[in-house]
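The same subunit A turns up in both complexes below, where it pairs with subunit B and then with subunit C.
Entry: the complex of A and B
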């Protein structure tokens, strides 16, 4: 017990950057071997992973529960579609940034009243926001396209990239892979910044207000400002994710961004592991392949997807998974993996 | 700050009253803490000690009167402004951050120091990671000084109470305070821990003033320079421990409560 604890100081930024680059290159490499269908699924998963990591930051780090992040996604999505319909040739990077800023601005507006609330009251406030988004979009059809939503040109591969592909369905494959690659790069940038925040003074301030707000204040943390910052960043990530999703699908509709999506995001975050980067990645992957899981269940059990029960099967599956995770692995798949790893380590140390 | 012939007060509480509805919790309370002085705030249960602490910390606004920190050029500070002004406070119980390791808890004490803002953190600028490393080193040194560095990676839930109290003090010291406010530092400690704690506080006075609220008279009497005795929200006496020990009003207040 007397031995001095050796401490690993956090990875320097250069190492983190290198690590991110490496992972990104590996992920990009993998997209080359995937089918067009898998590539587009992966692209959607990457967009959702961005939103999840923003939610994880808000809930896992600052301790504020939000059911409103689907609303911030909608802000990013509509900003993207509206902008694209007026300025067709804007570079993607600019569009994404614009949507991120719009999301952040929405977060700031909602944070002003919300960060004065705690626990269930905060959840209620964000829930109301979540509910408000769809009617809001429906009531301003001249801007939002009403119930039909808006359409825009989806991300398509530039010429040099498309030229890499030949044979049947070359263009479809090129476009699918291009969208996956763009989504992966955007997600990598978003995750890199989030990793930086996790290890910064701002990240620690979040954990302080989560654990003990009185003691946090005494160490000099401004509660109101820190809570607001957490909200704004989370909303910015949701805006970015919504924007990316819109660019991938080439459309936005008001029904997409309603309460069920917020609940789904929460579920995916818990499944992966709250407050972790890898948990958010896992959540995104689960989202990508949840349809496969559902159709597998359809096939095995013989439940028709046309029946009422079958149509709601996805929600039921996620509900069951959520309950199982809360009971068996409250820290999600990541926490479970960590526990297994330490178990194996201990076993091998004993033998 | 250099020594001056006329010592500037670190804390000056003047005529503070606090009213909770119809209840007068503090009535015209005045006391002060000079540089490098150890002052004890004592009194029977319900006398208003913690209320007085909370007023000094800005958790409570006084109904009348003023709280000033002349040596720090500050007055009427809010809770989150204290640390920056050079005032640290420990909480009754220990008030550690449950999901942060011991060393992270101590690092948190430097949260108010300038440097390493949001953007520097977001972009992972060298200044941010350099600052974090420096803080880590400093926190370890502080833990070492208190002889508890072997607990650095433990979580607060898994360490003995006496150690947790030291961690809370280490965290307070990371803010490099000029005034350290200790809320019941002796509660829950055993004999050997008590004398260790008294020794530590005596060391700290070299660089700061200490104001403490305490029940344990055996702990307080030999430690402090001056005592301020509260009863029913009023200062009934103040002076050196010797003077207080023979003060009849104080004895009456304590005996009156004890029976």
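Entry: the complex of A and C
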């Protein structure tokens, strides 16, 4: 522990890199023992976690509220689908980067006018954007495929990876796990960058703006530029997450990336813990395995998933969780975990 | 300083060792779990598991009968010993016609159909999907099934998407393509309604697009102002849908359309007929076979409409397949809940097109499976799909070639006539005149008229 603490203070970036690598490798190891279905869920969770961390950065660190991140996801998703349909053999890394850049560009266009706005006005502007995405996609069917959307190939395991598996489900397991592994690696890279960003000059400036923008300006922080940057980075992360989701689900349709998704992202972010990396990871995990929770509730209470109440159970569960979080742990599950930990420490110190 | 470096090196080494350990442990765990058997997915000595994603609730619930009829055939076959000693285990998963709805929620980006398909493939370990339904629904999982090597057989949709043997060698359609059907409609309209002003309302996806393409390929002239659609995304938004249909129908009425071709699902066909009645708009309706089943559309306003059928008229009691199917339906488990219209109401005892359809592909699946003998593999099954001469209730031969995976090539023009029972609202379809069918769905192929032929029921199936 001490060695790690020393490393953290003397070479923070290397320490973060090491920590990310360790976590990534453990996560990759875990995917080997999961079923194909759980691997697919995990992959989706990783993609969502990327979007959440982008949102967490925007809201938790720069203090700007966005309801438009589902729209940036749509930009990334469509960029991926359109590109993949024209250039089927492009390496995944390139496709993901392209989508990230498209998301960032979309973020910049929206940021230039909207970072001048604050509070509810900014939320209103991003809300309008998130409403506009679906009709936009519907009205240019030649590019976006209209209401049917676009289809593309799923991420497919390379031969050497597929050869690790045998048995009748070999191919299915290989493909599912490959998608999970790719998603984990992409998420790891995204989180590593974000971890460094949190502790960079920009990160500190961002926090200062959030807490007191007058003081920030007095110390020489360019308000407009820093806010825009926060917005662009958040949009880039949403683009990356949307792109990854598209590669995992093989299709994109205009209805997917609408306002309810933005709300869901906000909910997950608050549940996990605003402005924290681990909170975003938790948010992603909660998202991907919430179905398991819902089916457990179905089983225990005997509420049929086919009934209207049963079908809306997920929304209800999220709602209740959100209220409980706001009441009992305003800093999310991560904050609650931290509090419990310090409580235990104090107890043990006293005794 | 050297001490610090040593400490750092130690940390790195420990971490690497730990991580390598966890990976290799994972690999061993993973491979030992899967290595138990290397046989064909879903196939054991005593059973074969297949599945389908179909609408069992929601806007297209009237199609639930199709897969229920297929399940009835499989249970009939199972009762008589199965196929080569194997019982068929048919799993139907509800995807609500691929629309996020009650009971059909999907994770972000995924479609309800994809979610259910993934369950069928990863959890139920199906040998193949048999009779999955819906154009948009199946479009969203083609790549997934192909990537994982799962055959997708007898897709319930007339889209030409199922006929791409080069790209999707394990994918097979069943019914005639919407193009082929529409070409036949075009010929009927040119012959019987020369000089008519033709309009179309199609579902705003491949279904509608292919239908329109077929009409144009058949030589019909349709003004672009009369080529209308409805947005399938509005299927769960009755207000928007109603407004859209009213607008479409008002446009067609204003433009003086005398023949209107519909590429719609039964619920929309019904809505269109009702709205037109309110607008006093009474063109000659020509309705795609997938949207015309009189028992599903369930309104007397459909009387006189033209459609196409690739099965013998359900009113023909002498047809051996109809007799057989009645026996199968009646004997099936949960028959009362699966086929409510067949057991109660004005149409009790009357077969409908959905039942014939489901039975048709179920019989074809059994025939292909039977031809393989004891040794069932996916590769062998796909070869059998091309080789087997199928005997089905359909009016036209069901056959596939290396380059043609569509399935049936045509059918007979049918008309909706009043029910024999005057108090009953719905009607049944009757084949028009000398039943004939046509082949060829692209503009460069000629429409051929052949004689209708009823294939006898294979002995082992009786």
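Going forward, the second predicted complex is superposed on the first by the 340 of 351 C-alpha atoms of A that agree within 3 Å, B and C clash if a C-alpha of one lies under 4 Å from a C-alpha of the other, contacts with A are read in each partner's own complex, and residues count from 1 in each chain.
Going forward, a residue touches a chain if its C-beta (ideal position, glycine included) is under 8 Å from a C-beta of that chain, and two chains touch if they have at least 3 such contacts.
Source: prediction; values computed, not measured.
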Output check: A:288 vs subunit B and subunit C. Expected answer is one of first, second, both, neither. What do you get?
second
Considering only the touch criterion stated at the top, classify A:302 as touching first (subunit B), second (subunit C), both, or neither.
neither
What is the contact status of A:37 with respect to subunit B (first) and subunit C (second): first, second, both, or neither?
second
Pick one for A:251: touches subunit B only (first), subunit C only (second), both, or neither.
second
Would you sort A:25 into first (subunit B), second (subunit C), both or neither based on which partner it touches?
second
Who does A:146 touch here: subunit B (first), subunit C (second), both, or neither?
second
Please name the chain, subunit B or subunit C, that touches the greater number of residues in subunit A.
C
Quick check on the superposed pair: does A:170 touch subunit B, subunit C, both, or neither? Answer first, second, both or neither.
second
Between subunit B (first) and subunit C (second), which, if any, makes contact with A:77: first, second, both or neither?
second
In the superposed arrangement, what residues of subunit A touch both subunit B and subunit C?
3-4, 7, 10
Give the list of subunit A residues in touch with subunit B in this complex.
1-5, 7, 9-10, 12-13, 16-17, 192-193, 196-197, 199-205, 207-208, 210-212, 214-223, 229
For a test of understanding, state which residues of subunit C touch subunit A in their complex under the given definition.
4, 7-8, 10-12, 15, 18-19, 22-23, 25-27, 29-31, 33-42, 57, 100-103, 105, 107-111, 114, 118-119, 121-123, 125, 136, 139-144, 147-149, 204-206, 231-233
Residue set of subunit A touching subunit C in the complex reads 3-4, 6-7, 10-11, 18, 21-22, 25-26, 28-33, 35-37, 40-41, 44, 47-48, 77, 138, 146-148, 151-154, 156, 164-173, 175-177, 242, 245-246, 248-256, 261, 264, 287-288, 291, 305-308, 310-311, 314
Over in the complex, which subunit B residues touch subunit A? Could you list them?
57, 59, 79-84, 88-89, 91, 95-100, 103-104, 107-112, 116-118, 120-126, 128-129, 131-133, 136, 140, 149-153, 171, 175
